[in-house]
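All chains are identified by letter, namely A, B, C, D and E, in their written order; residue positions are counted from 1 within each chain.
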């Protein structure tokens, strides 16, 4: 059996009275793409925050590459190889698009010159070359999403967390972005965890899936199996007689 | 980063270096050199402060405390310890950096502009009061005098003397420090640290997710900024040779420097230099109407915030930029 | 320390504290609702001081009339200042610091303006409430006691408006996303101005209460401003109730610090306390309701 | 006629002490004007014409230094009168004397530190003279006054406890220190020394503390009149049972205007300028009033005297720095405030035979000189 | 006469022009979709219509009245409301307060009636009424934003990417709501990336490119247009 790149054990997150995650277990197979499905407010973003270190769990552990990283800061985890995008985008508004990506590279001690060249290729990848020298604050919703992706990729992660990365991206561009992600996965062996409401995108990307509802894991399995699961169809996709 | 540094920052600095070297060859009297010396010292101060205020985006309002720290520590060590100012200024800068870290630690964890502004302001008030209350050592508001000037240096058959009254030597020294500090900072800021500071300024969450350790970097910025300001304070001390807590750490120092940075351009690398030049020269020119000086500073800050929030440096930049945009835009 | 002495310190602390609370809550109100850190707040206090001096002393009007007119003018003045110097900035991207800078500039401008107009002398205002309360060893002029009582009443009234009325809800909504408020039809700009006026009125009340004690002068706002800021931070940024509580606390700390240490260390102790609190409780001592 | 000589002056024309600075300016100008109009107190037959340029020190040493450089390099002044008010500015300015080889004469500053600095290197500061007496002057006067009052039974020493509430300036602190030392020599204890910022007007915390310490003598020192008025009022409210002596602030006419009723019985030092008691000072006050519309105060008188010293020295010795400075030091001149002579330490001498430091008491809303006895206008009550 | 009409508007951000002579109209009771690539100016159109962004040329008409120079607040008074992009809730107020503020221009009784109705059609919100809006999940915030937009009892509703961040089931729900209120006569102008869905539900549609209207027509016409078909509807084949 392939070793798990990431495993989350018994993670519970409570915000005051609200329990956003309850006893969540999750294993992410190395090199595979795992989708996290769930209705709004199920705890998907919170799970990402726990993995990336932005939220510390009330209880439970996060193990990455066999190491317990629960107590590590987000920046430390990035150095371990965990990268993420934000559902509600967070560009560096005052830096240009290119420099936004350079930050990700220099944070890992890439020399400036090299970082500039490399960043340009990522910007190109996500289709923002025309805006490369514009400050990121002027980007539209979809453009911001693309920038998020470029930046996360530039950290050269082992594990990439994509929170609704195609939400707001115009349809004609989605295939390119999917191709890009797939290529990254194949060429660099990146493991991906993705939150996405666009089922078409998911089918093109995910191997495994888990289904969260009200902070609890309801179903785990292969993408196809989970998508066909009864409760998923009912609660998440709203199929059937609802 | 283009917005911060402009197109060719090193070339620009070289140009300023040439100007500074040319000055002593002009027929200027001591008084003018004295004003220029003050300008150079305050320009270093303003640039140092701009590092946190403009570039890291931490709205600190207490950097005059670091100025006072550098000035007093260097002066006290030189006076009581009999150590040469050539050495004590570094001790002063170090003391400022350490106090920067001390006050930086509690506020850096808080991502809130008012906290930073108010806590640093309160810190400056503490520093002022402590220097003023430790009368046995500093003589309080009576002023700490007897500060030794920099030891003279022999250049061939000319002896360069320093301290107030030795205009040429003092000017040369201030200019040398001005150029050295700006060059060092420019090298520092146009590479990784600069990029990182600017990223932190815009989104701490995102910066952190990309592997930037916030506290380390912010403390670094704070320490560097405090050290630069402290150094300028130390040079100031060994130039004017008397310090009072109110004049180095009082509110007028805050206002004056803030005005310099805002008029010059917050967050622009070269901005504070222009601001320092304009305001130092102006405040001397306005001696006649002394009563209106503070009135004018206040008005100047307001006016610049309104019509040119990016300051003098930003005005020049915007003009160039809008020409460029106008030329390329219809194509998009 | 005798009981009378202790009580005296306590009362002195509460009196100083009530002014800090009044000034601090005004700053907190504006910050809490509009995220504007108003460095010119002290100058509103100073201007109100000169107004009450003009009406109550120079013109000799009855206190109540003079106070009402002073407050009316300061409210209008506050609105004017907000409209002219702050409102235009709020539309910008990086307005937070620009407003700080602009209000600092404004503060210096008003201060030196006042000095040019009225000179640098301190102008005395006679006590409004004559007489001294004597209880055993304790002697307290009515003027001081009135400060405390009136300040508390005024702050209570403000709190009611803020948390119990529709106006309060509108104010708080505007605080959080002015564009969104506009989108639902709230005239956000007017709300901002109104809040600023209320805060100016609080400063005005403080000035009226204080002027007999500290004499009217161009710098009278400055020291209270810094204390007001400290109070705002201690109380939890933008929390009206927190600022009020922290104001009293700071007053007490200062009063007792003088009893145990030389006076010149009073402000050092007060500000060190602020920084110490930030170390252990960054969000303030009283995690009050956020406006 | 001799050629015109330019004299520079430096004082606080702006900032919180601007009122006093302006008074200095008026008096300096009047002295020069009268001199040039032929009404001066000349030494020679052919007095030089004088031009005065006054610059602002903004109460700050470094601004004062800038001003001095400007006067020296731009206006080519032959000597500087300054700082007219502040000791700390003077301490910075006096460094300019050896550096630019120019005589400097300060006016009101009293800090003993200035004299100490001169004494630490007399040769370096040979061009500098201090036109005010040392702050010790007050200390000695206050001490001697109380010794006299205890001796003749006007006051009783009680438990021999003394307390101070003073402003946070060299002036306040040096006075408290000197008086404290002198009283301690007589077996007294200093039970409290409270230092408050210069513009404080709320003294309740300090008064609580002082009351707890229960002193027999309380000395307050403020230069800001309103601090003094507030202090006196709050002292009355708190009904402290102690003998109170005030230093400096009652010299200001505004003090009597605001506090005459609540200050009844208070002692104060030093009543050096009292036009209502001294005809010469009255005449001077009238001249100032005729010229500027307001009567003169102590600062006018002091600045006027200082300028007289300077003018007479130039008249005698010309503008060669060393000679001029020497001549200043040799002054022996009866001015408005007393007989002016410089001591070893380059400061003018205080005392009954020189510039007297008399103690007054407020009696029935009026100032009365009560000590030393030879100048007293009334008996203490 | 159209209810809302944008006539030839230009919009600039600073020196950068992003809309070039755009004309869009929404008739009473009409459902109108705006489509276009990222950055083509869809959000800007909605903001300009709502008066949150000033047009530098051209005019915006509501019920035949020129709204140039009028404050943004006149629109809610005329029962026009907007669901903003990136949600724009009042983040530190409760969900209940957020929703109630949507009825700012209306009387208390009306507002309460609408409030009950909104909770009926968006029941997911019920459990979070006292939560702080800024702490809700992305999708929950979107629902609150929609609820707030409905509270004005609008005659015309502008929606910027209403489905963004919603789960498929919720998308269906919101879709149904839009159709329902539209059936009651509320005009809707919205923008959404899913071309098939948006044109299918709309009476008319616009296709934007680079800040200019590239194409417009009825919903069916848009769906049938070869350009739209080729670029916007071809996802499934490529993605799978």
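The criterion applied here is as follows: contacts are C-beta pairs under 8 Å (C-beta built on N, C-alpha and C of every residue); 3 or more make two chains touch, one makes a residue touch a chain.
Heads up on the chains, UniProt names are A = ABC transporter ATP-binding protein; B, C = Branched-chain amino acid ABC transporter permease.
These numbers come from a predicted model, not from an experiment.
Engineer: Going only between touching chains, how few steps reach chain C from chain A?
Structural biologist: 2
Engineer: From chain B, how many touching-chain steps at minimum until you land on chain D?
Structural biologist: So the least number of steps between the two chains is 1.
Engineer: Taking mean CA positions as centres, which chain lies farthest from chain E?
Structural biologist: D
Engineer: Compute the distance, rounded to whole Å, between the mean C-alpha positions of chain B and chain C.
Structural biologist: So the centroids are 32 Å from each other.
Engineer: How big is the gap, in whole Å, between where the Cα atoms of chain B centre and where those of chain E centre?
Structural biologist: That gives a centre separation of 50 Å.
Engineer: Determine the centre-to-centre distance between chain A and chain B, using the mean Cα coordinates as centres, and give it in whole Å.
Structural biologist: From the centre of chain A to the centre of chain B is 43 Å.
Engineer: Take the average of all CA coordinates in chain D, do the same for chain E, and state the distance between these two points in whole angstrom.
Structural biologist: 77
Engineer: Using the touch definition from the top, which residues of chain C touch two or more other chains?
Structural biologist: Residue numbers touching two or more other chains: 115, 264, 267.
Engineer: Identify all positions of chain B at which a residue touches two or more other chains, and write them in rising order.
Structural biologist: 132, 291, 293, 332
Engineer: Multi-chain contacts in chain E: which residues touch at least two other chains?
Structural biologist: Within chain E, residues 16 contact more than one other chain.
Engineer: For a test of understanding, state which residues of chain A touch chain E in their complex under the given definition.
Structural biologist: Per the touch definition, chain A meets chain E at residues 15, 18, 38-46, 87-88, 131, 138-143, 145-146, 164, 167-175, 178, 197, 199-201, 203-204, 235-238, 242.
Engineer: Would you tell me which residues of chain B are touching chain C in their complex?
Structural biologist: Contacts found on chain B: 59, 61, 103, 105-107, 109-110, 112-115, 117-119, 121-123, 125-126, 129-130, 132-133, 251, 255, 258-259, 262, 266, 291-295, 297-302, 305-306, 309.
Engineer: Quick one: in the complex, what on chain A touches chain B?
Structural biologist: Going through chain A, the ones touching chain B are 52, 54, 73-76, 78-79, 83-84, 86, 90-96, 99-100, 102-104, 106-109, 112, 130, 133, 135-136, 151, 155.
Engineer: Show me the residue ranges of chain B that touch chain D in the complex, using the header's touch definition.
Structural biologist: 29-31, 34-35, 38, 132, 135, 139-143, 145-146, 164-165, 240-244, 246-247, 284, 287, 290-291, 293
Engineer: Would you mind writing out the residues of chain C in touch with chain B in their complex?
Structural biologist: For this pair, the touching residues of chain C are 31, 37, 85, 88-89, 92, 94, 96-98, 100-102, 104-113, 115-116, 222, 226, 229-230, 232-233, 237, 264-265, 267-268, 271-272, 274-275, 278-279, 282.
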